[in-house]
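Pasting a structure below so you can have a look.
Chain IDs A, B, C and D follow the sequence of writing; residue 1 opens each chain.
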């Protein structure tokens, strides 16, 4: 039994820098294995949809743009993603990967949370189609 | 004229309020550093106060509104009034009369009493339990604290604060009355409800204790009152036990040294339950101080 | 004692009430009993100090089968004995085993709320998990419970 | 005011509500303690504030998606949940997982135990008003969090498991980082053990408080460190080895005192055991594959999967109907077993001891509550969620 058993620690702390890391002015390097933003390689994708099926958060949509050409575009919802990397494992051709340094993904508006991957023209078509679908939906309501 | 200035600005009034906040900051910063944290920036207490003053004061239903609004004012007024009798910044007190020590001590208790009444005034169960604990604690530390501060008075043969201060200047009472010093310091912690005596406001049990229902101005005034009391308490203990306060430099050095001691004590202990607090004060605090009194009187009598 | 012996002991203890047994896995023994014999069966395990109640699972076998099944899992080391009680879906009533095993209280309350099994003799009949304004007669874990 | 005086005179119930939102609770739960002065005379528990309908939700997701859903039952023992589920599904699917994957699973599970126990140490110290111990133990906990982050890529929800294996390997460098972290933690843990068993003021708050005898512990169905602190020798890592624990000698940590101090001591001593297990795994890491192929549809059948979570026995019942979604998944979490004891243990103690007794079982409300809906307002249930929502909408309309 003693009083003030933590005296040693407490006293030493007087002469020691606080352990608090003052993010964001002070940053630690992200670990190599960190699971950040998902990236998609259009060249490798075979459109098998396994990632879409396995995604626990419905964050991925792979859309067929050209059947003959086997060309796809991808819409990825950052805000739904749980960063579990199951899609990366499920993807047999290795078209998906997770960035280890893009992890500060907060934004003040919703737009940056929907990410489009693929050919520029395809993405445009996808976005136009989406805008029309939204307009229709709004009219129905 | 100069008296009014002294009352309103320096060393009374504004100086006490600003000083109180500065001491609160110093206390929080020190505890934070002892816990290896960064702690608040220097303007945090001021920012808190300004924010609280600007906020809506919610008067809960089922309370006596007059009491609810009046108690914080009385509490702060009591603390500020007590400030005029103590040698703040090492200067002579603004007012002084024989027996002002007793008046000061009772004025200092006003804050605790008001806190307790404020808790009892609201219909919140946490407040009620908090109020009960606040008042229970008041009755447990008050007598030993009083006795501990009367020890120097006895030695100096005066009940007037500036005379005791002058006497203490030549006599380091810390050396002759060590028990009194410890009891006074720990009594101050009880008065300010600092850990380990923070059962009346134990957040993990009763949220914020007696002041749970307080917001806005009322809370700001109570907090200011407590800050002022921290400063006055430190001044009293430093002036009585640490060789008196003769000039501002002495004042700051001695009170800050005391504050460092307080922050060590705060960070080294777990919270005591209210029954343990009461037991500690009556079983040890009061008895030890009384024993020391007895010793002082006997030695004084023999020496004569 | 190895797992097989432990399981055999339990099988013997429960033999009189057993309707049917199966061993789906090496460390498990499933014993089907009538709902009316649940209490004596549990008491027999308790009195023999065989293991501890590890949980109660409620299963909805669907509208066609018209049955609910309540599984009382008892564990002793690696061995798991499951008492299986089948109940009619529209009037599922089972006796509380709280008197024998107080630890069952939370499991039975969960069973009552989630599957609508009436547990007779359960000391607390108020909601443990579901909100106070939860509609009567809606049991979320039944297969036909429609939740938005 | 007068009303209350009358109440006190009649010795009617004076009820202190703790929760659903309360500083003592880091997660929502609701306890009502009836007090006579400072002594608790009755206690009632109400849970479900974070009931999210996970058991029901599993029935509409496929086996792979469920892995991540179940991992999120609990933020602290996420890996344990995922591991229990994986082990069960692999058993149902008749798949043998390579030993290296099992070893890595056990290793992450032990790291998680370290993080969970250190977290608990801090929380329990905070409940006792000992914030210094809280700050220091959480500072040191960062070490194991960093290790986990470096190893798995995330501080919580490590997502280490796959059906049929694990996602990542451990290389020599990482092994060294882990060992360094453990060396530091071991020294600190020894220090904390000394603090909680010798600090006079802290002992006043723990010694002899929340006393649970071995008979009571068995009767109330306590599990995990809470039960082991009362002398119940039950640890699934020994009794029913899973993952790689069959090859690892695990020593049980027991204490017979049954009070809060014993719970501190048991949890802290379990930390040493975890350090030893991790070093053992690193030294004896089997070579081989990390994953095997897993069928998307699982054979019809039922299985039971039991895992020793940081808080005690975690029980999974999994039933498959032969499709790619499960028929029923039942998770019985350790807190469910321990929670019922709070109401019983509380009676006769000081109100001030309640947060400590509550913290003593290391409650995890998210674990406990798994199914459905948002809670209505407190205080007589005057405000339903709809009404609150409507109020919010109206409020902002008025503002704009």
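The rule we apply is simple: a contact is a pair of C-beta atoms (placed from the backbone, for glycine too) under 8 Å apart; a residue touches a chain by one contact, two chains touch by 3 or more.
Just so it is clear, the structure is predicted and the values come from calculations on it, not from any experiment.
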| item | value |
| --- | --- |
| Innermost chain, taking as reference the mean of every protein Cα atom displayed | D |
| Between chain B and chain C, centroid-to-centroid distance (C-alpha), Å | 61 |
| Separation of chain B from chain D, taking each centre as the mean of its C-alpha atoms, in whole Å | 42 |
| Where chain C and chain D are represented by their mean Cα positions, the distance between them in whole Å | 24 |
| Separation of chain A from chain D, taking each centre as the mean of its C-alpha atoms, in whole Å | 28 |
| Multi-partner residues of chain C (at least 2 other chains) | none |
| Shared-contact residues (touching 2 or more other chains) in chain B | 34-37, 267-269 |
| Junction residues of chain A - those touching two or more other chains | 3-6, 9-10, 19 |
| Pairs of chains found to touch, sorted by chain label | A-B, A-D, B-D, C-D |
| Residues of chain D that touch chain B when the two form their complex | 1, 4, 14-18, 22-24, 35, 38, 125-133, 135-136, 139, 199, 201-202, 204-205, 350-355 |
| Touching residues on chain A, where the partner in the complex is chain D | 1-6, 9-10, 19, 31-35, 53-57, 82-86, 89-90, 100 |
| Touch list for chain B against partner chain A, complex | 32-39, 264, 267-269 |
| Chain C residues touching chain D - in the complex, by the definition given at the top | 24-25, 27-28, 52-55, 57-60, 71, 73, 75, 77-78, 80, 82, 101-107, 110, 114, 127-134, 140-141, 143, 145, 147 |
| Residue numbers on chain B that touch chain D, as the complex places them | 34-37, 64, 120-121, 123, 125-126, 128-129, 195-196, 198-199, 202-207, 267-276 |
